[in-house]
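As written, the chains take the letters A, B, C and D, and residue 1 is the first residue of each chain.
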Amino acid sequence: MAWSRDEIAARAAAELRDGYYVNLGIGIPTLVANFIPAGMRVVLQSENGMLGMGPFPFEGEEDPDLINAGKQTITELPSSSYFSSADSFGMIRGGHIDLSVLGAMEVGENGDLANWMVPGKVVKGMGGAMDLVAGVKRVVVVMEHCSRDGSAKFKPRCELPLTGTNVVDKLITDLAIFSRADRHSPFQLLEMAPGVSLDELRTRTTARYLPP
Amino acid sequence: MSLPTGPKVYATAASALAGVVRDNITVMSGGFGLCGIAENLIVALRDSGVKGLTVVSNNAGVDEYGLGMLLKTRQIRKMISSYVGENKEFERQYLSGELELEFNPQGTLAERIRAGGAGIWGFYTRTGAGTLVAEGKEQRVVDGETWVLEKGLVADLSIVKAWRGDTEGNLIYRKTARNFNPMMATAGRVTVAEVEKLVEPGELAPDQIHTPGIFVQRIIQGPAYRRQIENRTIRKRPAAGVS
Amino acid sequence: MSLPTGPKVYATAASALAGVVRDNITVMSGGFGLCGIAENLIVALRDSGVKGLTVVSNNAGVDEYGLGMLLKTRQIRKMISSYVGENKEFERQYLSGELELEFNPQGTLAERIRAGGAGIWGFYTRTGAGTLVAEGKEQRVVDGETWVLEKGLVADLSIVKAWRGDTEGNLIYRKTARNFNPMMATAGRVTVAEVEKLVEPGELAPDQIHTPGIFVQRIIQGPAYRRQIENRTIRKRPAAGVS
Amino acid sequence: MAWSRDEIAARAAAELRDGYYVNLGIGIPTLVANFIPAGMRVVLQSENGMLGMGPFPFEGEEDPDLINAGKQTITELPSSSYFSSADSFGMIRGGHIDLSVLGAMEVGENGDLANWMVPGKVVKGMGGAMDLVAGVKRVVVVMEHCSRDGSAKFKPRCELPLTGTNVVDKLITDLAIFSRADRHSPFQLLEMAPGVSLDELRTRTTARYLPP
């Protein structure tokens, strides 16, 4: 039985450490905020220019001047600070963010990531994804294990245009978790969703990875 | 109640753009999504009838609001942006070849604008190395790390929006409406600012000013602000009860 | 009255430096002249007995105060500065070859530090083109203009001084005591801040924070501040009279 | 009769225009602030990180946190703003300052400027001078016409290490004023101090310049 979006997010949340500064992408990554362990100090960065993102506002308390990188209304915390997008990406590119959780279209077994463009389809732009993978200390990707037609998304090499080369440290899908010790090492299978067999995983994955 | 006056203060958005706006110029437009956009100046830009604009803006507005209004009237020839997903008319014009588009990673775009305003011809960033973004650009490898050369950007005109401004052009932004506005204010040959409230010098604390007045040549108090929300997201209030 | 506490808060300057200070490291030290220097952390650095430091600081203090104290004890091997005119001991050590010195134009120094903190490997500036400063550096000519390649700077430790700080490390500087402190805070692998008053989160307005807490790993409230004036300059009061 | 320091400063002040943002160097340039015409709006920048410098404080009102680039105590004005030195030099390098008035050791007839270093003497550093001449729109130099030993300081080429190449737009000495139309043109003599003859000026100047 594949993990749900929430279960994937909860597994990504296991990457969090006390005192971390974290950037969460749009989609499943945003859900990770719901699984920050109680009592753990984690500061969420929004790349448009904010540290210390609070939860979504109560109805009637939305502030048009206070949005996250997904353009959603959010709230501030006592410790929040605002800054320009240039300063924000200085923070990101300069290696000051501990962890980024991002979605993906494809992940290569070499750690390459593709998540912004499908040739022939309308291109919306990369936003801040290329800066995040280039600058953040640790990059965790969350995605569905296969595309809708059943083809593998964790593959020997990405076929879609890249977002970054050799940038993924951990991959969490609805079927399994893969990780690597550092960016010179291959991925290793860490864990599988309940009911997923090693054989099934192999048939749904074209990337090579080490056994658990 | 009369507004503060001064040599930089203009009565209307139209008058603040007069003499600066010409066909085929490059315009930087502050804001992220619909947050912190110069809404009155965008309307005035549309109403000026100017054509062939190159617009530097992180996003392209929505169909009926922000830069989307200038797309609808086909006044924009080229966009330099990082993400334009919110706009159907944009998609149509782009696919039909009417609109030229240059994508920059968001941080690279922000830094190119800062560099342009700060007299930096170019800089080396890791962002985009090994991707389409780096194609055709100079790259250098230092200790195994690849760096891409990106160039500073300047504009003929920058339009920015702030929360408060004084007659000297000093600006204070509010919350995440700051975004691209401070760098764009530095990178316009002429920068026109609109503010929700225009005040006299001395009403803004010198330590709290985000954009010093030197960067702002013209300023208006916007007559009204829609401050439209693009993606209203809320959470449930906890059930009322005896606490 | 007890101080606010938190994981980043240290009781003393000495404890805030413990485990970070080692011989031969590079230290960035905020301030311009004696204005906005981390006076308590400099004393603690001296008292730590560390040797062979490379210090990045716009100036070198005066003989008895600021970085001059570390020069006197010969704990500094090399200075990267833009102007060191105020210090006799500096002069002596430099002329005798005990002290290494690298001059950077002030703006280039400021920008190199910002670049280091912002993940920019290098940048092109007009400053210094055709001068000694450009010798041995890559240069490129674009449309007749010469640009010099300058590289980002980072440090093992940055010591900065702010007016207010909260336990999360958010900092607000006061007047021209801001100077090099904000960039240096971003360019230290470890940044230690000292503040005149340490407060709880929420006491500093989020729009007014100059250095977001992410850049500050350790923070102390300085026990006392001399805030010495280097060049006291005054004007005559107008004669008293009936106004 | 040579012009006094104040007279030199007053002549440099004639460069000011309403609405100008101006950076004044240490020494005679600082005196220019005393000659801003009444009613003219001129904003003084201090490169350590301030726009809108006010006058020196009254005794007892000095603020150690408020100094200019010469480390002198100053005051603020209602329109003042503070910023980091990185932002300050962004302002300078980016061409946002209209006028810089600087001292010099030597000026070349080609507009080169030397004002920071004498080989064999103790070098104190260039401070912000190289950035100012590289970035400010118009550069006016004020200096004594000759060095103490009587040798010319306005000469065919600077012999001292340069601060910048082809950066001087106008030169005001105690004997004369030289200006040029643009940075492709030679300097032209504009005005001489009372009692200074064309012949005397020629003998004290090795640079070539156009007659008035």
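Basically, contacts are C-beta pairs under 8 Å (C-beta built on N, C-alpha and C of every residue); 3 or more make two chains touch, one makes a residue touch a chain.
The structure presented is a predicted model; accordingly, all values stated were derived computationally and were not measured.
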| task | Supply the minimal count of touching-chain steps required to go from chain A to chain D. | result | 2
| task | Sort out for me whether C-D or A-C is joined by the greater number of C-beta contact pairs. | result | C-D
| Whole-Å separation of chain centres (CA-atom averages), chain B against chain D | 36
| request: Could you give the separation in Å between the centres of chain B and chain C, each centre being the mean of its C-alpha atoms? | output: 32
| field | Centre distance in Å when chain C and chain D are each reduced to the mean of their C-alpha atoms | value | 28
| On chain C, where are the residues touching two or more other chains? | 111, 114, 118-120, 125-126, 173-175, 178, 206-207
| Mind pulling the chain A residues that touch 2 or more other chains? | 76, 82-83, 89-90, 92-93, 134-135
| request: Take each protein chain as a node, join two nodes whenever their chains touch, and name the resulting shape: line, ring, star, complete or other. | output: other
| message | For this structure, enumerate the chain pairs that meet the touch criterion. | response | A-B, A-C, B-C, B-D, C-D
| said: Considering only the defined contacts, which chain B positions touch chain A in the complex? | reply: 32-36, 58, 81-86, 91, 94-95, 103, 105-108, 110-111, 113-114, 125-133, 163, 173-183, 210, 227-237
| note | Listed in rising order, chain A residues that touch chain B in their complex are 46-50, 55-59, 61-68, 70-74, 76, 82-86, 88-90, 92-93, 112, 117, 122-131, 134-135, 161-165
| remark: Per the touch rule above, chain B residues touching chain C in the complex are 111, 115, 118-126, 142, 145, 147, 172-175, 178, 206-208
| For chain D, which residues are in contact with chain B within the complex? | 18-19, 21, 41, 43, 45, 51-52, 76-83, 89-97, 134-135
| query | In their complex, what parts of chain C are in touch with chain A? | reply | 7, 114, 116-120, 166, 168, 170, 186, 200-202, 206-207, 209, 212-215
